[in-house]
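The next part holds the structures, each set out as structure tokens.
Across the two complexes that follow, subunit A remains constant while its partner is subunit B and subsequently subunit C.
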Partner chain A sequence: MDTHVRTSTDLIKPGIDRVLMALYFILVLIGLFSIFAVEHRPGEDVWYNVLHLSKNYSRQLMWVCISLVLALGILLVDSKLFPALANLMYVFGILLLLLVLVAGKDIKGSHSWLVIGGFQFQPAEFTKLTTNLALAKYLSRLDVDFSTLRARLIAIGLILLPAAIIVMQSETGLALVYLSFFLVLYREGLPGIILIVGFSVIVLVLSALLVEKHILLMIFSVAAAFVIYFMRRSFRRHPERLFLILLIWGFCSVFVMQVVPYIFTHVLKPYQVSRINVMLGKEVSPKSSYNVLQSKIAIGSGGLFGKGYLKGTQTRYEFVPEQSTDFIFCTIGEDFGFIGSIGLLGLYLILLFRIIQVAERQRSTFSRVYAYGLASILFFHVAINIGMTTGLAPVIGIPLPWMSYGGSSMITFTMMLFILIRLDADRQKILR
Partner chain B sequence: MDIKQDILWRVYLSFLGMVVLGVIILGKIFIIQHIQGNYWRSMADSLQERYVTMDAERGTIYSDDGEMLSTSVPFFDIHLDMMADGLRADQGKLFRENVDSLSIGLAELFRDHSASWYRAFLWKAYRSRERYLLFKKDVDLKTYQQLQQLPLFRMGRYRSGMIAEMHEKRINPYGLLANRTIGLWRPNAPNVGLEATYDSVLRGKDGRQLVRKVAAGTYAPVDGYTLEPENGKDIVTTIDVYIQDIAEQALYQMLDSVQGQYGTCVVMEVKTGQIKAIANLGRQPDGSYWEDYNYALMNTEPGSIFKLATLISVLEDHLVTPQTRVNLYRGELKFGNRTVYDAEKHNETWVTITRALDLSSNVGFSQLAYLYKDHPMKFIRHLQALRLDRQTGIDLIGEQQPLIKTPQSRTWSATTLPWMGFGYEVLVSPLQMLTLYNAVANDGWMMKPYLVKSIEEYGTPVQTFAPEKVEKICSDTVLHQVQQMLRTVVTDGTARKPFQGAPYPVAGKTGTALVADGRAGYSNKVYQSSFVGYFPADDPQYSCIVVVRSQPHPRIYYGADVAAPVFRKIADQLYALHQEPNATPRMPEPRVDSIRWGVRTLSTRARLLTANWPAVPVYVLDKQTTTSGGDKPADDQMPDLTGVGLRDAVRLLENKGLKVYFTGTGRVVKQSLPAGTPIRPGQQIQLILN
Partner chain C sequence: MAEFHQSRKNIIRLIFIGVFAVIAMRLFYLQVIETKYRQLANAQAIVRKLIYPTRGIIYDRHGRVVVNNTALYDLMVTPSEVKHLDTAFLCELLGIDTATFRERMEKIIIRNSRYRQSVFAELLPPDVYGRIEENLYQFPGFELVERPVRNYPYHAGAHIFGYIGEVDSATIRRSDGFYQAGDFIGKTGLERSYEDVLRGQRGVTYLVRDSRNRIQGSYAGGMYDTPAVAGKNLYLSLDIELQQLGEQLLQNKIGSIVAIDPNTGGILAMVSSPTYDPNELSGSERNKKFSRLFTNPELPLFNRPIQATYPPGSTFKPVDALIALHEGVITPQYGYDCRGVYLGCGRPIKCTESFPGHASNLYNAIAYSCNSYFSQVFRFIVDRERRPALGLAEWYRYVSDFGLGKKLGIDLPGEYSGYIPDTAHYNKIFGKGHWNSCTIVSLGIGQGEITETPLQLANVMCIIANHGYYYTPHVVDSVEGDPDFYRTHLVLHRITANVSDTDYDIVTRAMAAVVERGTATIAAIPGITICGKTGTAQNFTIINGKRVELKDHSLFAAFAPREHPKIAIAVVVENAGFGASWAAPIASLMIEKYLRDSIATDRLPLLKRISEANLIPEYILEKKRRIDSLNQVRDKLEARRIVAR
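The block that comes next holds the complex of A and B.
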């Protein structure tokens, strides 16, 4: 221990990653101004609205302040605290999720909100943080060898448990976010074949949705027949290959013929089916395509340079539903055009790149896994959110980090980033 | 080393994946903004801006004495959106909690169904999940305001699902009074009367406004893209509600007692030609009477009242004098194979022409016309000079072309000329006959009849119509002769009985014509009784014609028995009014079938002001005749005029006897006398409009 008295600045300042901090503040500010642009009407008393929390932008400002207080707290605590508390917080998160199932409130068709003293809180956002911590904690344990099947299954279980509960809360979109943790597992040595298989399954699902299933069955059969024909010589030496091919053929067939229809009729909600169909171009439903249509109109009318700040009409005149939350990107698209969109996406990519850089310079597994988890989640959110505003992805209702209006998401993402910053600041000291 | 390389690969691959996805997203944005940019931009423009029509307010038709004869009032259609968010939330908690009290409220308000009926209705509607279920049509303003106070409904559209749509409806506050002449305006329906004649004035011009969407369901006007609607102008008619009521009442009572087919009665102001009253009552299949046609403008064979024209003609040509004797042949005279009969049996032979008129002898007047047997066109030219072959030119659509035959006509026969002498073989309207008699009353000057004296905008006249002299109908000598003769008809002739004891002198002529009744022709014995004249004969103020068409084979049908008493009744009441010009005329009681105007002196659009008089209905649809005294507002209170248009404000205040000064245009923003302060006639008030 040094002899001189450590002040709080001393505590925070050394090793703080300025790039991450700067990107964070830029994004938060852009978010605040975007929400302001959505809601502000000429002639309104901005300060009155800010002081009385009467507008989303003023409430968002409040959430930013609360987040910053929490961030400061995170920077002040010892970084050893996070791995120490990881499992406890994970359990706490799961309990919260279960509590929601019992005492939650229905808001906009999802049963995922807790209402505490007038404030709505979505634990499904918060558990992204706890799951990330727990995953990092588990993978950093010295007795865990991730090359074993057991370790892999436990890690996957850690991810899928909260996701499963969240699906039960009718927040499928947020549950899908947890799939992004597989990127972490890939980094930590999960065989690429699993991702390939996963990707194949997605392709299978899409083709099952897009192509008539009997035609698919014929295609699979012909393909299998061809493969068997060309590999017929090797079967004598490797009879298991024939078995494998038949197994794949059987799996694909059953999957396309039975599993996908079952999921569509029994697991997914009608609105989700409809949204997926709209995204695939199979269905033109005014209701579920309305959001995307309006969003496209907003972005499309922005042009190359945009209409200028506070000049967008589509976003400000409430054409786009969920304007301040899920579709906040439209504001950028309309007011700042293609240039603004490139800028914003660029900021997010720089952030992701920086987080991966930071991750790779960690000496502790915990910090690295945690950083990758954060990067994956951010990436998923950004890609899907902007994807859905532009009609690339189905509208599953997940926020754009630090931009979308909402306290739960703002606090969660801020805490996640600042925990990383705190861990990174101490990277020299810790080797876990 | 291998592991490190592997990890590095994985890291690069991951980030590459991110970048690739980012590029794909950017590509998509590029496609939306540039390749499809114009498409989305045009979509955006069409979405956020559109033109809305701003309906021009239709002008009001006022009577000469400032009453509203036809005006527009707001009515509301109520629809229910049973899928309103608030209504359905929490398994319809709001609906369940309020449906009972709402049902009770509805039952009390409308009084047409029981509360349990309403409850059943609402539950059925709730289960039907309808988004736009028609609940009530044409709810008036007062009821609508009360409806808004009911449980659930008071929570507004998005929670209760109650949707109210306003539409203006044209109403005639006085119902039957001059209804056919005023007309009742309905969109997309053929209209009649002044509503149709002055439609272009009343209608105004719809405006257009470019609006831009500012919020869900809310549009704000765009500056500089407004074409203000030009509100319809008001028209002030010459019709006097008081006289109209007298005329309509008198006519109705006679029609009702003789069960006539129809009757018409027109009162004209002698010196101006203004129509003060025009009543048209036709018998309906159920035995009631309604203003169904404008009989005053309908051509018929006038009968004996036409004898005035014959008389003027022969006197002007100096063929006879009033003292010239004519043989009445005891009431029967053959022309070829047709016989002229006098309507009333008598034994007269040689009498003066004055006496022949008193007796209304067809025989006598057929001979007078027959004086022109060698030059029939000379007689026809006299009739043309009396304007009997032309429409009067009254400002009312529907006037028919009269028919005066000439020797060139295909139907001209040997008996046409003598029959024309006593009013057959010609087709003229009661209004034309009245115009002629009015000219006699007006020192020989024929006045053009008219119904609208001014067109007003915001209480100030923009166009006034002055009385129009058409021409002088005859020389003064002849005029005095016929005036004298029309006078003796009442003192000594056919009209003696009905005018016995009248405190004022009357001049006029009865008519009893057997008229063709459709296919049955003359055999059905349908009579047209008429009386036309003017009073007081020494200083004529009003001229008036009464025509009553009987049922087939009527019990009484003489002009003196049917039409003249109606004239007498009208004249008596007008004379009484004339004698005491300061006496407040008794205003007509609203009829059983009329829309009663609770606050008579209020402009309809003063509905905005009812807030100050909570207990007073502006108008009530009422099938019961009640006295109007009970629900009049305290007249001495200053209303709150904020937001009221100038036109209505001025009307309202001037009706209350105030002198109004104003600055600015548009709607009232400030008033010098605060709302609720007592006011008295003659007081001054300053209005500031913006």
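The block that comes next holds the complex of A and C.
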């Protein structure tokens, strides 16, 4: 340790990534102003509302302040604390999730909230952080070789355990977020074929839903026949290839004809099926399609340059439901148009690239894995959230990081980012 | 291992870029390429509200308001917002039964959708409005909306002012989007001919509403709003008290009065009888009242002063005299020895007077309205040329000059031209060369094919009073904010045949004699020299398929005072007998009222007698009784339906 007296500024300042900090503050400010735009009416006393916490924007400001206090705390603690506490926090998170199952409260159809002293808190948001820490901790252990099946299964287990409990809380959307950790696993050596197979399964599911089953079966059969015809010479030397092709053909057919219909009728809940159908354009469910239509109208009516700040009509006059939370992007779309939307998307992309850059300069596996985990989660949230407001993705109700109204999400994302900033500041010291 | 990580790092970046690119393209499509979302947003959030300007006010010649605006209320309904309605109570307040309620509601939903506001009951009578307003909070989805309607403080002049009504679909199509269904437009009278001036300019305001249809304020700070411009006021030459007197005199009679200021052509009064209170067609139950007026056999909606045409009868004689004097076929001293019948054409033409010397000169002939004299004079005119066709053509030219047989161009819609037969007319009936002055001799005494409107008759009086010119008759003197109106609308017409002042003086003197000692002494007013001419026109109608001769029309045309004429007047009372018996005293009272501003006490009994007389022919009264009893039955049935509820 150095001998001179350490002040808090000395502690925080050196090595802090200013780009990440700047991007964070910009996004938080955009978020606050967007929520303000939704709620503010001309002639209202803004300061009164701020002081009395009577509006979403004032409460969001409070959450930002709390987050900043926590962020300052994170910057002040020793970076070794995070790997040290990772497992404990993971267990704590799992316990919280289980507690929700028992003592949770139903809010808007999901059983995922804890009410503590008047504040609602969603542990499913918080466990993203603990899972990320635990995953980083596990993969950075010297005795773990990620190329072994056992290590891979344990890592996947770490990810899927909280996701499974969250599904039980009827928060499928937040559970799906945990799938983004597979990007981390891919980065750490999980074979690419798994991603490809996963992607293929998604394509298969989509085609099973969109195309008539028998037509799909014919397409598969014709494709298989073509492949067999062109590869017929190699079968003499490699008969197993014929077998493999037939196996794939058989799997695809069974999957499309039996598995997908079974999942849709027996596993998924009717509202989930409806949301997916609405997204695919197969069904016009009045409620879910109403939300998406209103969201598209708000964004679409913004045009190239937008209507101007506080001039949007759709986002300000309650046409878009869940305007401050899940559909906050509509405000940007309507008030600032295509230019503003692309600008916001660009900010998020710069943030993601910066996190990857930061990740790659880490000397410790823990920090790198942690950084990739953060990037993956952010990516998933941004892509799905904007995707659902523009009608590309089903409405699964996950917030836009730092912009959507909500304390749990604001605190979790802030803590996750500042832990990375803290780890990165000490990247020279941490080796593992 | 390092390369492997390097490539995976880049693949992850590629995934990020790829997904964001898809989102960016989607945004580009939604916000830049597809335009329907903007329209959808405007349709949802922006309300275009029309602001109706107040219609122009109409003033009479003394600045009295004769047509005004007042507010009545329409009961509007938005069906989708109607909840927990006490239907029975609302029906009770409105005085309708629940079946009618349901019927109206269904009609509204079919026509105008469940979500748009429509008129449920229009122009509520004040008492109904009061009751509903008190209880409106009990009827969610209902709203009272003010609607300006016309108001007529003097209850007179219905035919002049006309009425406004909902614009019809043909007009909407022709107006190129200016009028919308439900707009009001002038349908007849001044309301129609001055529609452009009176209606003003509609304003538009754009408002923002929220998802629950609550208005949130103006859109874009009112940047796209246009203010409404109030309609311009009209100032008439009409004297509303004179008009009222005219309507009083003609009540229970069928007929017309037209009074014109010969110095300007301005209409002073224009009565069409039977008439109706113009307020009836602007308040509640307008449609019902309109249909009652429409089916009334007395034709109260018919604007007789400009639409009814009558044979002028003896009122035509001054024109004959002017033509004959100017053509030189007679001198004022020319006399005809009439013994009560004209035999110059074989078949006898009766004369009302038979004492010797009643046609000893032109003055007497006009004063006593000698038929023989003017039959002879007319034959002189026609036979002056070699052939009667040429003579009649000459006569026709003169008569046209006097504004007969053509529209005068008054600023009211629906003017008729009357009819003056020309040579072609008789060639067609009798064949070319097969008729002569005797064939058409009745034209000389204003009978036969010749017809004119009361307006034309009054206008002829203007020409005589002015010694040879008239201004296009008009009701509107000036329009607010249009200083050029007077210049562009006051058109002078000079008679092309240059009849000399002497000739006019002769005829004027003769017409003065009519009132002094002739057929219309009843019209005389001490201190005012009236120049007039009585007329009695034969007329026929078809009753039960038979041509029946009805009682003669009573006509009188005059101007006064003789020295500086200020009023020219024509009065027609249908089926009332001699011109002197009804039309002349009516004209006299009108002249007195206009020139003296009041009726002398000793003439009030005359006023009373005329006002109370009922001269409507029996066959019309009979028809009217039938229709009235039918309407009574209808009203009773309706009343019973409401009680039965």
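Criterion: the second predicted complex is superposed on the first by the 432 of 432 C-alpha atoms of A that agree within 3 Å, B and C clash if a C-alpha of one lies under 4 Å from a C-alpha of the other, contacts with A are read in each partner's own complex, and residues count from 1 in each chain.
Assume contacts are C-beta pairs under 8 Å (C-beta built on N, C-alpha and C of every residue); 3 or more make two chains touch, one makes a residue touch a chain.
All of these numbers come straight from a predicted model, not from anything done at the bench.
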item	value
Partners on subunit A (subunit B, subunit C) - clash or fit	clash
First (subunit B), second (subunit C), both or neither touched by A:P394	neither
Partner chain in contact with A:R187 - subunit B first, subunit C second, else both or neither	both
Partner chain in contact with A:G407 - subunit B first, subunit C second, else both or neither	neither
Which of subunit B and subunit C A:F353 touches, first, second, both or neither	both
Touching partner for A:P42 - first (subunit B), second (subunit C), both, neither	second
Which of subunit B and subunit C A:G104 touches, first, second, both or neither	neither
150-158, 204-212, 348-356 or 636-644: stretch of subunit B that collides with subunit C	204-212
Common interface residues of subunit A - those touching subunit B in one complex and subunit C in the other	41, 183, 186-187, 192, 296-304, 313-314, 317-319, 333, 337-338, 341-342, 345, 348-349, 352-353, 356, 360, 379, 383, 386-387, 390-392
Contact set on subunit A toward subunit C in their complex	41-42, 183, 186-187, 189, 192, 296-304, 311, 313-314, 317-319, 333, 337-338, 341-342, 345, 348-349, 352-353, 356, 360, 372, 375, 379, 383, 386-387, 390-392
Residue ranges of subunit C touching subunit A (in the complex, touch as defined)	4-5, 8-9, 11-13, 15-17, 19-20, 22-24, 26-28, 30-32, 34, 36-38, 40-42, 44-46, 208-212, 216-217, 219-220
For the subunit A and subunit B complex, residues of the former touching the latter	41, 183, 186-187, 192, 296-304, 313-314, 317-319, 333, 337-338, 341-342, 345, 348-349, 352-353, 356, 360, 379, 383, 386-387, 390-392
List of subunit B residues in touch with subunit A within their complex	7, 10-11, 14-15, 18-19, 21-22, 24-26, 28-30, 32-34, 36-37, 39-41, 43-44, 47-48, 212-216
